[in-house]
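What follows is a pair of complexes built around chain A, which joins chain B in one and chain C in the other.
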Partner chain A sequence: MSSMVRFTLDGREASAPEGELLVHAAARHGVFIPTLCHDDKLDPYGGCRMCVVGVEGSPRPLPACATRVAEGMVVSTNSNVPAFRKTLTEMLLAEHLDPNPGGRPNELTDLAADLDAEAPFILPDAKRKEYEDRNRLMGYTPDACILCNRCVRYTQEVMQCSALSLEGRGPHARIVPTWERSWLDTECELCGGCLSVCPTGAIFEKFLEGTEQPERELVKTKTTCTFCGVGCQLDLNVDPETNRIVKVTSEPHYVSNEGNLCVKGRFAFNFVHHPDRLTKPMVRREDGELHETSWEDALQVAADGLNRVKAEHGPQAIGFLASARLTMEENFLIQKLARSVVGTNSIHSCEAT
Partner chain B sequence: MDNLGRIRREIGPVTPELSDALADHMNIRRGEVHEVVSFYSFLEVPADAVRVCIGPVCDCLGAKDLLAREQENANGVPVLGVECLGHCDIAPVLMRGDVVEPDVTRRTNTGSSLGLEQADQTLAEYEARGGLAVLRNLPAKEKIVEELKASGLTGYGGAGFPTGLKWEAVAKEPAPRYVVVNADEGEPGTIKDRYVMELRPHLMLEGTLIAMDFAEATEGFIYLREEYATARARLEQALEELRAAGVLDGRSLELVIGAGAYICGEETAMLESMEGRRGMPRLKPPFPSQVGYLGRPTLINNVETLAHIPAILRDGGEAWPRVRLWSVTGAVTAPGCYEAPLDVTPRQLIDDYAGGATEEIGAVVPGGAASGILPPAALDVPLTRESLREWNAGPGSAALQVFPASYSPLRLLAETMRFFAEESCQKCTPCRIGNRGMHHLVEELANGEAAMTREQAEEWLDAMAATSICGLGQGAPFPMRNAFTHWPELFEPLGEPAIK
Partner chain C sequence: MIGSNTTEAHPVLALRMKKAARKGATIVVADPRKIWLTKLAKRHLQLRPGSDVWLVNAMMHVILKEGLQDEEYIREHTEDFEAVAEVVSRYTPEEAEKVTGVPAADIVATAREYATEKHAAVFYTLGITEHACAVDNIWSLSNLVLMTGHLGYESTGLNALRGQNNVQGLNDAGANPAYFPGYQPADSAEIRQKFSEAWGVEVPETPGYRLDQIMSGLHDGRIRALYLIGENPAQTEPNAHHVMEGLEHVDFLITQDLFLNDMTERLADVVFPASSFAEKDGTFTNTERRVNRVRKALPCPGEAREDWQIVVDMAKAMGGNWPEYRTPEDAWNEFADLAPFWTGIRYDRIEEVGLQWPCTDRDHPGTPYLHAPSPSRPNGKGKFYPVEYQPPIEQPDSEYPFVLSTGRTLYHYNSATMTMREEGVVQKQEDPFVEMHPDDAAALGVQDGDWVRLVSRRGELEARAAVGERVYPGLVWMALHFAQAKVNWLTHDVGDPLIGTPEYKTSAIRIEPVGSALKPAAR
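== the complex of A and B ==
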């Protein structure tokens, strides 16, 4: 464990593990420092400057998202820092033409509301070149982007892929899929991680389910992804009016996936509402047709069948086929059932095919 | 960067296909190459394109007409308006491919430190004037630091950090260390490094090799702006001569060629560029003397700074005459580059060195775009850091630009803010948007409109100066604030100044 250091935060004595980012140390002491370009998954960037704080001995305020606590540091978040914050917010608003393209939350407009900040004008060159993509899952509106570069850094640092680029310089700078291609023609796997880190919702889920409810109006239900054994934790976002899942999100503090998802976990949820999906246990009766029944009955029928085959042909006549979509624990139970209860070693999984 | 520059010169403008091919060949991500290619102004432009300088000196001498004429007679060759090409002494100027028009002239004076009055064509000529003597008989490290401190030499790129302190700091860091020469002269109006490299390339290289020996660095780099084709040829020739003479034995000293980005003159942006990334400044601290090229301690000095070092070590720091090279351009009879004392005044530079003003003077810029804009009342102020501080300005890169009274200060301000906006790397909010906002404000004022109140404008300038990552955004407010002070009538539509 790293050693603790003492520092001063707005005139109060405080302590933190040596080297902790100032933004975290302050939060633990109840001082919230707003950030836009910072993301705990990414290396410190210090671009948006929203989190600047006064540090004694430094001629200029320093970004709390990139400055680490040191012994004896004297930090101030009041003095002129709030004025800078408001001005920086005004600046960002001066080219924020489309604050809400896809219904995702917008941290910049939240901050503007908190600080009572308004753009004095819209910059004449604020309009950016638009981007249209034929992919059906993700959309991007450059006019909502604040160039915090979180998405690009996410693709480079977390996903290690080449999907998005920070292009150009000065007023012409914008973020765009590599060489403005369709995401389908880049290395992108459409995992949607870029949109999950976007603070303004400039990258968003295209609404497959025909609803345009803002994300904050949706009801979240936490569950485990059913697609593989990793066990990613995710939130099904349900539109309360239609009671249908309209998007899947995940939070950075969720264990095993830390808010990251793959294309299936994030976008392949529409099977849930498919009419062919079996939602009740079914048993094929004497008449050769499937009939709805209870779990007790269905399990009894299956057990009777397995016992009959075992009695007539021995345990080696039975094999078990597990699935990559089960969790590790479920796969363990299947092999336990096969080996200990039925007495066969014939177990297979679709992962091997 | 090297590979991209070669593609442009040998194959043609970098296209998405070429960019991808290079990425695949080098086994790096295609998107990362795309980011780099699009950052620089020239990689996607043919090598034979016509580049017309629209920097402030060229602008006041008719660059916009020149640009329009060239565009009319283009014959399919791309014609671009570009930021300062570093030839303000022959403004308005353009480059056809690598060739500068009109013909290059170099007006200078006899200088006791740099001796630019006589060009060195070969290494033999340089050695005949006593060249390499200091390098071959280098004093101990402590002595070098002592002499540098005694000389009072500061970085002549613009930031003005004491050279002796910088060298001392690097020497305390663990090896391996690197030496980098900042030859990315891009500050509008500044032509001095080009003069040094074109006239006395061996002198600068001797200064560099002294720095490398001092830092015990076996690898050194010269980051040269792409537009300086003549300087590149002179340096290549001089390096070849030094190599043939065995002076470079055991060392590697290489040229790295930029691709058109003012911000790469900022030392950490330069390091990023050298490492093959977009030239976006790093957060400081740590400083390059601690964490520089490839994460190692790196000594970065400007061309002119290094060129003074042989004289300082030869004659001793105390005896060194405390001079620097002043680029004097604009409305003067003999624009050029003159060695003069640090406390010279604008009037002395104009009258005693540059042959006098050609027109009534309306404004002067003392040292590059961010150094400030001063009224004629400041013509007798010594151009030292201390005395200019009272004028809320600085000597910067010692580029005195003389603007005639017929050239409106508002136009000068608009061009200056447009330049900063164009050249902002985009990384930080205050620089990326603040400069565009200030440009918009000045353009609107020219139409008699107030885009924001004076109080709001001052809040924006405060945020830019305090919260920008690097000197570009931090320095950009100076000319605006100078104009508020010296030409208040231009800003009346904005209302009352903020009460502080």
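== the complex of A and C ==
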């Protein structure tokens, strides 16, 4: 355990584990410092200065997202900081013709609303070159991008995929897949991590375009990914009207994956809604074809079939194969069915390793 | 990392390794292919498929020769060390180089680093277990770990990376012929008595069939009816043609799945429409033994039902006398009451964060590291099992000169019935492909992207050549997932005699250029 240090926060006594980031220490004491370029999945960066605070003895304000608490530190979050923050927000807005295309969640416009900030004017060269990518999962809108570099840092620090870079300078700067190729032609593995850290929705899920439901009205259900043994914790975001999964997100405090996902966990959920999904029980009739039927009938045919084989050949003639795709509870019940109802220990699976 | 292509098989776990590497951890990768992690690795031991035992024994040879073993740990916490010491004395790094293809100097250096680093962990996946000598491979790694005392504390041990989401939970739950739920042996009269009492019905004593025995039973008539739940053995089992033939003999076949496939459409007598993970409550247990909640976010489509419900309905239809299960939690509680290592895990405790078993009572915090402070065997001692190298069953020859190795890729999930339906994901890997070295491609007159035919003693298929230096000359590699070119048509089903894991990893094949860049369907 790291030792605790005492510091002063807006005139009050406070304590925190040594080395904790100021932004977290303040939050634990109920003081919320807005951030923009900071992300808990990434190393401290301190690039946008949105989170600056006054620290006694320091000639200029320091970013709370990249400054660590030390013994005796005297921190002030409310002197002339709010005015500075508002100006900064206005400058960012001024650089954007269209700060929030598609109404996606956007930390910049949220901040602007909180601070009552509006773009004083729009810079004449605010329009940036558009970007098209042939992959069907992720898109990028340069006009919404605030160049906070979260996405690029994610590719460098977490995925280490070297797939994104900052291209151009000044008003022409934008983020693009390295060498300006498609994401598909880089080392990108379509994990969507860069997308998940983007504060403005400049990198976005392409398949979301066209849904009517504003993202904030989606219903989140926390669950466990179905695709591999890491067991990532994720939120299924469901449109309550259509009952469809619209996107998958995760949070930095989720255990096992810290908010990270891979391409499968993040993007491969449409099988759930695939038109080929079976929706009715079926049994094979005399004509040799499968026919849809009622549950009652299907269960009866299935039970009779197993009971007949059991009567003729004994329980050992019946085998069960369970699946790693099913839950623990389901596998428990299946082996109970085999052992306690049919009377065989022949229960295994194709994925026993 | 041995035989674990972590960035593809367990992508988010690999992020932790990437992070560790950024913070200065040393990674050594032992894998026949130049997999992504080799970029971060200090060293890549590019061993021949199936030669793992040689490599690991040679590492132990070096450790013992240089006296780097943990004498105290061996004395206090293990038994039968001498037997292993004797065997590995014959596995010199120089000889190992000839068999494995890994330079002796690299073996020596890796052995020294592993033995002298306090926090040294071994990770392995199916790369190690899908050989005919699967159990040998695991024992030889376990010997290595015991000899150096690298277990029972953080960042150590022998870490099996479980392939699919709930493989751990599947076995824990007792979907295994040899074990009742919670690894309670089916051959123990006492255990059977316990379950017979709990369930109010005599449980069977006759040993059950393992997967490979069920499959062969289809052919010789021992198995007359099969109930398949979310499985397509004709896709995932080696020697798939043979499996398909077996399924044709079966008198009665029930399948319970999300989709129809070629096999079920033709052969199933009853098809139950089942549920996806998003449509039910329950738990999955991850590779760290952490029991995580699965939660229902959606209703099942149409009349499809949650799988647990279907099984309960079946029990009722067959005349079973079961208690009423209102929710999956009722099933969990029954399991937890019967399985001592899980008794302390209840839904209310895993709302936020899952618990790792063993967790024996409601106050138990769960167990992050097994084998602390000494190995979990009844006498508290880790057992050394001497292991001798067995060459892979099928060796390349003049007719079938290439070694085919198989595995998973990032973009798909086993038989891919789920991920192949995801257009945006398929974009990255549409066609079946076979990785081959540029020298081999040149000798065959094949260009990157050309279609080639792969022929083994058991079957053939077509795939696109992916020419590159991920593999070495003579080795080709293919993914398991493609329905139109089932690689399991080529592999063979000689399994590990003890646990019945089929040998997916190596087969001998020959390669013929097809002479076309068009997909088979377009020709």
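Basically, the second predicted complex is superposed on the first by the 268 of 353 C-alpha atoms of A that agree within 3 Å, B and C clash if a C-alpha of one lies under 4 Å from a C-alpha of the other, contacts with A are read in each partner's own complex, and residues count from 1 in each chain.
The rule is short, and it goes like this: a residue touches a chain if its C-beta (ideal position, glycine included) is under 8 Å from a C-beta of that chain, and two chains touch if they have at least 3 such contacts.
This one's a predicted model, so the numbers in the text were calculated from it and none came from an experiment.
In the superposition on chain A, A:W295 makes contact with chain C only, not with chain B. When the two structures are aligned on the shared chain, A:A113 is found in touch with neither chain B nor chain C. Which of chain B and chain C touches more residues of chain A: that partner is C. In the superposed pair of complexes, A:A173 makes contact with chain B only, with no contact to chain C. Once the two complexes are overlaid on the shared chain, A:A27 sits clear of chain B and of chain C alike. Looking at the shared chain after the overlay, A:M91 reaches chain B, while chain C stays out of its contact range.
In the superposed pair of complexes, A:V74 makes contact with neither chain B nor chain C.
Of the two partner chains, neither chain B nor chain C is touched by A:M4.
In the superposition on chain A, no residue of chain A contacts both chain B and chain C.
Across the complex, chain A is touched by residues 16, 19-20, 23, 29-32, 34-35, 38-41, 261, 263, 278, 283, 421-430, 432-434, 436-437, 440, 451-453, 456, 459-460, 462-463, 466-469, 474 of chain B.
Of all the residues in chain A, the ones that touch chain B in their complex are 44, 46-50, 52, 60-61, 63, 66, 80, 83-84, 87-88, 90-92, 94-95, 120-121, 123-125, 146-147, 149, 152, 155-156, 161-171, 173, 178-179, 186-187. Touching chain C in their complex are the following residues of chain A: 135-137, 157-160, 184, 189-191, 206-207, 219, 221-233, 236, 238, 243-245, 255-257, 260-265, 267-274, 276-284, 290, 295, 298-303, 305-309, 312-313, 315-353.
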